[in-house]
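Here come two complexes built around chain A, the first alongside chain B, the second alongside chain C.
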Partner chain A sequence: MSENTTVIERAVTTTDPALLSRYWIGAAGLGLFLSIGVGFLAALERLDLSTASIFDGADVIFQLWSAHRVGLVLLAVLPLILGLATAVVPRQVGASSLVFPRMAAAGFWVWLFGAAITVTGFAVDGGVGAPGATSQTQAVAITLVGIMMVLLGIGATTICVLTTVVAGRSSGMSLGDVPAFSWSMLVAGTMWMLTLPVLMGNLLLVYVDLRGRSAVRFGAEEAIWEQLSWAFTNPQVYLWALPLLGIVADIIPVSVKAKLNTNRMFGAICLLGFVGFGAYAQTYFDLGTPVRQEAFSVVAAFVAVLAMLMALGALAGSLRNGAKETDASSATPLVLAMLSLLLLLVGTVVGALNAVESLDLAGTSAIGAQMIFTLAAMLVGMVAGLSWWGDLVAGRATPQRPLLITGLLLTLGLGLVGVADLINGFNGLNDFTGAVLSEAGNSGSAVDTLNLIVVIGLGMALVGALNGMISGCQHLRSSEPAVANPWGGTTLEWSDNEGSA
Partner chain B sequence: MITTAPVAPANRPRTLMVGTMFATSAALMFFGGLFSIYLSVRSDTLAWGAEWFPEGAISLLPGGMNMATMALSAVTMAWAVYSILNNDRVHAYLAILVTGILGVAVINQTAFYFMDIAIPVDYNEAAVLFYVIIGAHLVMVGLGVFWLGLLLLRTLGGQDTAQHRDLVSSAALYWYATVAVYSFIWLFIYIGK
Partner chain C sequence: MLTKGTKFWLALCLAAMVAAAFAGYTTGGDETGPLTLGWKGAVGNHIVYGTLMMMSAATGLLAMLASAFRDADADAVAQLLETEDAPDAQIKTGPSVWPVIGAAGFAVMMLGLVLHPAVFVAGLLIVVAMGIEWTMTNWSEKLTGDPVRNREMRENLLRPIEIPLLSLVGIGVLVLAVSRILLASSVNGAVIVATVVGVGIFALAFFVSTRPTLPRALLQGVLALGFVAIIVGGIVAAANGEREFHQKGGTSNDTLVETDH
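Take a look at the complex of A and B:
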């Protein structure tokens, strides 16, 4: 590039994977903060639903509630994963960069503009419809366009990551030799490419029906969330957390200096990816009983637990064989990896409980609890991943303590939210605070107390996200050089780093 | 111990083909989702005894014409791939050009049918699905024609040969998927109504 180009020109036209990775992670950090923030506001309002005293009625509560879910998945978790993958996957497979680097850069910018439009849509009384249908149709349409752009950006970058793993590998490296994180990205990315287009189809249908005339069915505001909700609940939510297994499978064996049973681990990743396919769980496909209560859905919910146990079994073998030689310097990624696994295990167990019809948890806040546990697992896993590969991403030594604090705050905060929502689910609190506030849930004292715990939990997670953003900025301004191979890793990304350090 | 890169084998996967396979799979899932919704909603509507498309509203003629055009374009696309494989540039120009023209013809016929059909988009659920599915396919064909245009320019510049045929193979894969999607449109919407 010419030396006469401005900083902005260089920033906008870069195809450097490390820089793009930082863009993704930085923007996703902001998305995480905003998503948890709106969740916090919605939880505050839920403390006293009888009056809806903070915001102007049920519509606003619904917009905040749905923004929390959409934002967590599409503006925080997925972009964070793609940010890490953009920097790490090419190095792990021995490629100099992502395949189709311009497309990867375009993917980020489309996502960023889409995210901005989505946030604007929610902010101007839009969102994904509202049960009271008093939100502005134009604003809802803007939000839908924003989400579609977000999906396009995520899809474009995912194709680059997938193609890098499949066709950009170092010559002679078979798919079986690919490190666990890249393998998990291959499985997760493939499943994303099979499900995100279905969500795009749903959105397009809603958009066309909504625009410029009275909606026939798909664009009716009270029905929009129902059509999109499959992407934010069981089993699809497992696909958003799938790369976590790859991250921990790269961290744990190296930390404890023991081999991993890769066949079992890769099998668990494939199994969880398979049962996580959730595009069928739409109300359109209900056959008398809701599709989520059909036998195969129930079986899939329990198979997810089995997949997790399989993964834990593989990792437990490494821990058992190598525990005596654990390197204390890798305590932060190791602890966070363990915590994220625990959260994901709890998430799958809650998912299985939700599938048991006799427990009557369908439609209760236990559904939200499962989503929170699963996404919290991925977020904590991402912090573990940044702690592990931070030197590669930032090109500077990664301070571990702020990441540990961020990870612990997210674990504790979102864990509290999940536990409180789960118990509230058993108490009959509805997952969704609907148009009629009196139907929003049981207003018993136990529920009120647990709702207070949800507020506290989200407050802690908010502080954790803020701490992560601040420490990330400090990390990028630090002048301490990156350590070539801080953990004694044996995969290709570390040999690249040694070469460049 | 640091792992070093192993020795290179002779053949490596073709990146553009792999990328196109992922993108085309995504496009097929997009239409798969929409078709599933179409069939499900149609089945529910008919089970309740309600009207799906008004009697006589969907004519088989434009759908059939488009299907024939698309099928022919699949043949010409295969002709283009065959020509490139045999380094037959004249036939390759001709085949790519004809495929592109057939794509434009599909766009033209569909656009005319959209103008001609007497069902507004807000008529009922069937109308919304009709316009969304066929409109989305129209965009898919448009992208394909654009890609064929680029391909033609590259071929004219002598950049596509039997050794460097990735762009032609990838465009062909995408085009076949476009034809496959239209065959479902023809079957489910124009014939099945």
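Take a look at the complex of A and C:
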């Protein structure tokens, strides 16, 4: 590219990981806002399930409900993680850039176009519900190809991040020496690459069923969501939140100036990664006992709690040894890291409760509560990560207060949603309340009040997401230069930060 | 000695294998089925068992690769290349327009799967063209040590092909998108849309011609936004379908009569 290129030319041709990282995070911020927004609309409808008067029936509510889940994972959480990883991982391992930088750029653009097609598909009466009732077959197909592109974009970028950790390390750094976030991306990336292709396979099966001739049908056309739902529930959601452990393991020990028991922490990340493998939990193919009630699923759900306790033990050791020297300037990332850990712990505990057959929580809103707690943990952890590495990502000093407000609003808002959904689950409220509306709500009971709490919680999270987007824009427009090493970190990413602006 | 990466992926491999056997035995597998990959007996829940065994196989392969290449440690690579200094972790790669064009072509291709075979073929052509361009760019970057000279050689070879081809593709996509919008609009609406868009383009061209010093970035931005708007409009219109066309008289030879929705 010649020297006299325009801003637009530079923008669309870049292979700079810092700029790509900003693209990912900016687009994911918008995805988060939209996802929480449609969740908010669906929650509004839940306030009066007997009439479902706002959005014209169960099918539309289902579209909003499923768009909320698909959007949260594929258009918000995963892109946010990849955005942070794109900027931070190469620096942590001492690489000059991501390995395969053009592929990383292609990954982002494929994801972006895919996200636009997915959103368009949902908007024009498509989505992932069975076509025919109110949705159109063609629009559903558009949604499916959009999601496929999103997965391809995420997969391509994940390969770049993984390869950077494996083959881009500087001389003298063995794989066991990489910082915790890079290690968590290695484990998470490996597991994503083992599960995303399975989800792609499900989508292809559904697509062929939807568009193919009758001779090649697999009977999945009427059960699209059932084919895809495993990716948005226990245990797969742990994989979407796995990098959180790496983020907090990089933040907490440096904040309190103490060493981390890396073996225990890396082991906990591996263990949670292994039990988070959810591609087997395909309820669509259940023939006898539901897969989530099989011994393997139940054991995995409880091992996830053990993995979390193992991680907390490693971090508690750091806190115990270094708490007296805590630097007040790192309060924002430290507080948010603690909150995100708490949310993830609650998520794993709720996941274990869901696996207890006698509690009869299968199919209730407790399933959604587990997803919300886990994804909320990752979102708050991401805000903590941006507060920690914001100078690297944006090349400017990171304002901490707006990020703290964003993190607190997300914690409180999504925490309220999780708690209300969990209690609703114990009250027997269905996970998806649109199937038989007249039977779904218990009018006049505590469910109504709890549904109101869900609306309030999602409203707070929506404000939090908006605040995050606005503060992100202000951050990028700020002229205050980045601080070379604001936290006194000893890992490689802090060694060459000067002049990154 | 086993490297860290080998240990990690080997542990995943073994854990997945044990998990598969456990899942097999607890979901109705018989004594030997889960241990023999179903060769001698039932493996229980096929989806659970099969998925976990595939995970085991994939991570086993990764463990072998990590072991063979010593986790790709820079020092190990240097030893393999018999050099004293470790090689550069990465060769610097410059900006490239092909990722975004390839992604756009891929998006057109995927939409074509749903909308029309012609759109799919158009997308496929863009992706193939991008593949050629990307390859040629990589080839040219290794020709000499001078990036400027490399770029010139690449442009001399490919510009006579690129410019007419890109023009054709751009026109084709625009025509297709605009035609979808017009077909989805009502009879009068289509006339209004065509008139407004036509006058708008004419007015914009007139405005630009009177201001030769207009910033290039601004012009590019306006054109890019307009292009994206038309593409998105075309996609939405195609998804909504065409307006109804009724046949006068009911036979295939009769005149088509258009009606509004």
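The rule is simple: the second predicted complex is superposed on the first by the 474 of 501 C-alpha atoms of A that agree within 3 Å, B and C clash if a C-alpha of one lies under 4 Å from a C-alpha of the other, contacts with A are read in each partner's own complex, and residues count from 1 in each chain.
FYI, a residue touches a chain if its C-beta (ideal position, glycine included) is under 8 Å from a C-beta of that chain, and two chains touch if they have at least 3 such contacts.
These numbers come from a predicted model, not from an experiment.
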{"item": "First (chain B), second (chain C), both or neither touched by A:263", "value": "neither"}
{"item": "Partner, of chain C and chain B, that touches more residues belonging to chain A", "value": "C"}
{"item": "Touching partner for A:279 - first (chain B), second (chain C), both, neither", "value": "both"}
{"item": "First, second, both or neither for A:329, with chain B first and chain C second", "value": "neither"}
{"item": "Touched partner set for A:167, first chain B, second chain C, both or neither", "value": "both"}
{"item": "Partner chain(s) touched by A:449 [first = chain B, second = chain C, both, neither]", "value": "neither"}
{"item": "First (chain B), second (chain C), both or neither touched by A:194", "value": "both"}
{"item": "First, second, both or neither for A:120, with chain B first and chain C second", "value": "second"}
{"item": "Touched partner set for A:478, first chain B, second chain C, both or neither", "value": "neither"}
{"item": "Set of chain A residues, in rising order, touched by both chain B and chain C", "value": "94, 99, 166-168, 170-173, 190, 194, 198, 279, 282, 285"}
{"item": "Chain A-touching residues of chain C, taken from the complex the two chains share", "value": "3-5, 8-9, 11-12, 15-16, 19, 22-23, 26-28, 45, 47-48, 51-52, 55, 58-59, 62, 66, 71-75, 78, 86, 88-90, 92-100, 102-104, 106-107, 110-111, 113-115, 134, 216-217, 220-221, 224, 232, 235-236, 239-241"}
{"item": "Complex contact set, residues of chain B against chain A", "value": "1-9, 12-15, 17-19, 22-23, 25-27, 29-34, 36-37, 40-41, 121-125, 127-129, 131-132, 135-136"}
{"item": "Touching residues (chain side chain A, partner chain C) in the complex", "value": "1, 6-10, 12-16, 94-97, 99, 101-103, 105-106, 108-110, 112-114, 116-117, 120-121, 123-124, 126, 136, 138-139, 141-142, 145-146, 148-149, 152-153, 166-176, 186-187, 190, 194, 198, 211, 270, 274, 277, 279-282, 285, 287-289, 291, 294-296, 299"}
{"item": "Residue ranges of chain A touching chain B (in the complex, touch as defined)", "value": "94, 99-100, 155, 158-160, 162-163, 166-168, 170-173, 190, 193-198, 200-202, 204-205, 208-209, 213-218, 279, 282, 284-285, 485, 490-492, 494-495, 498"}
